[in-house]
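One structure is given here, and the rest of the page talks about it.
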Amino acid sequence: GVSLAQDATRVAAIWTVPVEQQWASRLHLALVAADERGDIDYVYSENITNTDYERVMREYAEQGVELIIGEAFGVEQPARAVASEYPEVSFLMGSSLPPAEPNFATFDNFIHEPSYLTGIVAGMKTETNMIGMVGGYAIPEVNRLMNAFMAGAQSVNPDVRFSVSFINSWYDPPKAKEAAFAMVDAGADILYAERFGVSDAAKERGILAIGNVIDTAADYPGTILASALWHGEPMIEKAIEDVKAGAFTASDYGIYAFMEYGGGSVIIDETLAGPEAVAAANAKEEEILAKTFTVEIDDSEPASSQ
Amino acid sequence: MTDTPVLLSLSNITKRFGALTANDSISLDLHRGEILALLGENGAGKTTLMNILFGHYVQDEGDVRVLGNGGLRALPPGSPGAALRAGIGMVHQHFTLAENLSGLANIRLGTEPLVSFGREGAARAKVQKIIAESGLDVDLERRVADLTVGEKQRIEILKALYRDAKVLILDEPTAVLTPQEAEGLFAVLRRLAANGLGVIFISHKLGEVLAVSHRILVLRGGKTAGELETAVADRRAIADLMVGKAVAAVVRTPANPGEVLFALEDVSLHGAGGGRALSGVHLTLRAGEVVGLAGVSGNGQSGIAALISGLAVPTSGTMRLYGDTVTRPDPRALVAKGVARMPEDRQHDGVVGTMSVADNIAIEEVRSGAFSRMGLLDRKAMRERAASAISAYDVRCQGPDAEARLLSGGNVQKLILARVLERGPRVILANQPTRGLDVGAQAEVHRRILAARDRGAAVLVISEDLDELFALADRFVVVHAGELQDAGPSDGLDRGTIGLMMAGQGPAAAELAS
Amino acid sequence: MNVRLEPRENASVGLRLCVSLAAGVAALLLVAIPVLLAGRSPLEAYALMIQGAFGSMFALSETLNRATPLILTGLAAAVAFRAKLWNIGAEGQLYIGALAAVCVGSGLLQLPPALMLPTVMIAGFLAGGLMMVIPAVIKQRFGADEVVITLLLNFVVILFIQMLVEGPLKDPLSMGWPQSVPLIAEAKLPKLLPRLRMHWGLIVGVVAALALWLMVRKTVLGFEIRAVGENKAAARFAGIPVDATMLKVALISGGLAGLAGVGEVAGVKGYLSADLSPGFGYSGIVVAMLAGLSPIGTVLAALFVAAVFVGADSMSRATGISSYIADLVVALSLLCVLVGSFFLRFRLRFGQQSVGA
Amino acid sequence: MDVVFDILSSANFWAAAIRIATPLIFGVLGALICERAGVLNLGIEGIFVAGAMAGWMAVFLGAGLWGGVLIAAVAGGLFGLLHAFLTVILGLSQHVSGIGITLLATSASYFTYRTALPNVTTPPRIVPFQPVSIPGLSDIPFVGPALFQQTPMTFLALLLVGALALVLYRTPLGLAIRAVGDNPASVEAQGLSVTGLRVGAVVLGSALMALGGAFLTMSAFDAFFFGMVNGRGWICIALVVFASWQPGKALLGALLFGAFDAFQIRLQAQIGQVVPGQVFLMMPYLLSIVALILVARRADYPRALLQPWTKGQRH
């Protein structure tokens, strides 16, 4: 029942994680930016358990929010049910399932392409031929990026071996750090930093790390070899535009994470990687953008090399 | 004694608990070198008065003054620390020892600055000196948990003496001691009093009081009932003062033993039931006979009680009830077969405090048809049974629905009597049946036990109070170090013989020695 | 003039109401602190809290929906704590109950609808119960503290569930997400009202509370549980099979927690995942203690905790205050009610009044 | 087998074990003090969070690292004071109060963090404690690297084990704490204050617990995360039973736990997904349970644990 601002679209986000979490933070930042520009009126709830998720969706829908952004991964059925009951509201939800007519659009962080490119850099740079990878949980959106990275590394260095472990927590940097240390002790000279804490271990041991989703190079000078970045802006801006234009449809917004839309990019520290690796990565990037090469999407759980 | 200076003076102490006035304007003086006995029925207010004196409780009215430099000074209420500093030491009715610490640690507790090092040696030397002077011999380094009750009590007294107490309060110190230990304690008290200590001594045992005290103060219902010099007092007068009316003596008629109802044949018991193991025990209980089991606490009484209670099964040997072998221990089955069991510690094992009187009376038979049908309780039957028990056994309480925890000790015992005797049992275990009860309550329990015997029940009385055993038992057995010896009919026995057998000498040797 | 504490024999209904009310007011006053810190008006926040918990049919149904598992886990704690069996493991038992529901209810078993639901519930009850019987047996056999064991088992169970939903139980249609195969329609608890999440689990909870209440007051088993809980030694002496009674308590307690899991999986979610419960097991302890371990009180306490949480969470959204305030409000309410319970057990006496002896 | 030997014989492994054990050492010592005095403190998990948040926030706002440690301890102590007020002074249920404290401390910490820093996405960082290396000692083979990859807080934790053992077994204060957890009447009868001792012990113990949390944000890592305590507090509750309430064994228990965790992390990284990762993660908990079963018979519970004490009341 609150009266709406004239032109600002009311947008609500519902995160199952704190907004610090890398994944949520990319969209959260884009939404905050849109809010600051005055395009939208942004509110959010963080750390909402899946048990509460449906209620929160309904509360926002009842409040007259026009666009609801969130994650349906753990609540696919109820989220879709809520959407069908509020046809006037647009839903843009992280989901592994297809969109649902008329108002339930989906997305995910499809940055497997830049991940593949970081794999190329890592594969060329590793001297011990051993790369350590520490993840939170083995879920598709994590597996996908890890698998692309591994494929990229193997494409340039068939001898490379991977050591993979999951710490079973999204937020336990001390533990992630310990897992990373273990990999360094086992001979890894590059760490794939899916979680906070891994790059810290790399920095402390003076080896290199691969960033994921966000750019943390400034925090770890001399450590981040390359990062696969996710940019929420293209998708968020597209969605807001669609809502404003009344053109929001139940489509897959996941494509806006692809490199061709600017939703994914790779950033390489040339002083660390050296020109050769940069060149190899750039060449592959050209192929991807030219659609002569497609990075395979593989959601299966990655495993250590035997 | 009244020529020595007053050490301690209580004036007009009043203490209420809700509607109950536990102490009603009580005054007393204690002199140097005096042993004052404080007597009274259960609940007369003795412990309460001492708790006020020691600062555990805060009195509602009145004050406590203690001799300090330059005369009597008022003690701030409610501070055990202040009482200790003023030279008051207390041995509580229930020991106040940390069982996980050594005796020495318990003695030192609270006597040194909290953060300080290396004072243990000096403390040990001081305690050892006190031990040498007082004869309170005990191993200071053992954990209190591993000490006997007598030793724990010595630690308690040492605690007071270590702080240079001028006044020593002992609340029922002999309730848990063997006669020999009690004698030892009296010797110590006399010696301490001779050195100028003032002693307040609470007891229910008139013999002790007459033997050790100089003066007697009797409380009744929270008021001072009277005061007399021990030299001019006799049992009868004291008992009458305590109860307010004459206490009729219980007379035991000669027994008429019948068939054997219960027997232990060469029974050994290890580990179970706590306490010492039993080895090769023979015991027979006959219809119409009371057997008294004497022994220093901890020699195997608890094992025998556990066997008859159905809480333990013999490791070897045979236990027979009405001639049949009992193979599995099961209190319920024994109860159903007519065994009545009175637990040693009635508050701990006898009643569930937060359940009602009716519940506690029905508890042993709650599964029987008398109180339940198809798993559903028959509340009405339970309440009716409780109502009749309350009136038949004179259990003082608000009614069948009153919580058992609100009953006094004596009334709990009556409740248990009502529970077990009302079924007309054929075998009765009476374990410490009157411990802590006053003379009036004692007489009542004794009467009930003898009445059951006369009805034809076989009774085993376990007691540390030889007076009680001589009052009840037709025949004596003595337990020592887990072995049971027959001492024969009580008529031919004297205390000395029993005492020697309790100390481990065979009946023949005991007879010779006596 | 001095102040003293005196125990009360029992508290009157009026006093109970007053104390509850005072605790509620105190909690609200405390909640004002974080609300003010966040720069909002407490009065507005209170109104929004009430509206969020009861303001609409939807809000009310959400409150009841959240109360449902809390009733059952609260009862699980209440029945165990009465017997002095410190079951801190309701969280794990809840998951095991849910697991059992999925095992029998996801198509493996084909039963007529009338039999399917009872089977699912019995399976959940037994599985949860067994999960508590294990620590109870360990306690009896080895003397190991059940507080710690049940607490640790919670972690083990959740990892075990994760393992299953990533492995053998994983739904092939879940697009790689770690969740179990869904329950078939016959195994689901029907909704109470269309379009609202409230389901029959609520009725199960209330019936369970009534059954427990009857059990405690009217049955031999209840009698024995009370006796064992209040004084084990006296119960043993009186011939009550203490160990067997404890195992029955464990089974009932764990079983109720297991039923909570069945409710969540069969009434709300439809499949099992490792995030089924946001700590309902732990909240159950709070609920039970607030209720003074009374079965009927547990229902009310569960409603209270649920309403506070749902109301505060909704308020955080309406005011833009961080949603962490919801847990903060629950915690403050809990502590206030806890302090209130003190005044039900004791009365303060001022000065020296004379009481007729 | 070779893998196992390789892991166990590496100094880095032992360094990791000690590092992982450090917050547990703080926590288990804290729980030990509380329980020795007769008070179970299930607030530990929340107090860890409060310590992690308060210490980090203080440093972030410019307090300096040791200042942060102090603030964390104070924050823990305050929650301890609340727990003591509820359980010691009012005699309320220790279980419920503890769980309430956990809920309160956790949510208050999160709320404060979010209200103070509303717009962070990457968590802000501080410069944490750095490993100290002592010239000479650090060069001793094996021991040197294992011990001197550690930060000052680890040394503080080790120091506290000794200090606590000293206080508990060598001072009258320790005597009094052990006595009050066994039989409060013994303490009162000797003129000491049961309430004072218990409140003191709970406050002190809670302060130590908070240091366990502070270690996570100020030594093991450099930022505060929601949920980062991740059950470490609860583990301490188990460890204290395992340790039979003795500081030396508490250290041993924490180190064993740390070693096992470090071991499973390494094994997981090396032998990979032969068995599901959860099996490794379960191991520390299952082993704790097994250990508890083995020590239970000999465990020497403080007899007055969970028993409230009200002066002038019958007990």
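What to note about this one:
By letter and in written order, the chains are A, B, C and D; residue numbering begins at 1 in each of them.
The criterion applied here is as follows: a contact is a pair of C-beta atoms (placed from the backbone, for glycine too) under 8 Å apart; a residue touches a chain by one contact, two chains touch by 3 or more.
All figures in this text were calculated on a predicted structure; none of them were measured in a lab.
Set side by side, the interfaces B-D and A-C show unequal numbers of C-beta pairs in contact, with more at B-D.
If you average the Cα atoms of chain B and of chain D, the two centres end up 45 Å apart. Separating the CA-averaged centres of chain A and chain B is a span of 76 Å. Distance from the chain A centre to the chain D centre is 35 Å, each centre being the mean of its Cα atoms.
Counting only residues that touch two or more partner chains, chain B has 58. Looking at chain C, one finds that residues 4, 159, 162, 166, 322, 324 touch two or more other chains. For chain A, the set of residues touching two or more other chains reads 47, 138, 168, 301.
Listed by label, the pairs of touching chains are A-C, A-D, B-C, B-D, C-D. Chain C meets chain D in the complex at residues 4-5, 7, 34, 37-38, 86, 88, 138, 142-145, 147-149, 151-153, 155-156, 159-160, 162-163, 166-167, 282, 285-286, 289-290, 322, 324-328, 330-332, 334-335, 338-339, 341-342. Contacts from chain D toward chain B in the complex involve residues 167, 170-173, 175-176, 178-180, 182-183, 185-193, 300, 302-303, 311-312.
Of all residues in chain C, only 52, 58, 62, 159, 162, 166, 174-179, 195, 197, 264, 268-270, 273, 275-278, 310, 313-314, 316-318, 320, 322-324 touch chain A in the complex they form. Those residues of chain B that touch chain D in the complex are listed here as 54, 56-58, 78-85, 90, 92, 94, 96-101, 105-106, 108-117, 119, 159.
Touching chain C in their complex are the following residues of chain B: 16-21, 24, 58, 60-61, 222, 309-311, 330-332, 334-335, 341, 343, 348-355, 359, 363-364, 366-367, 372, 375-377, 379.
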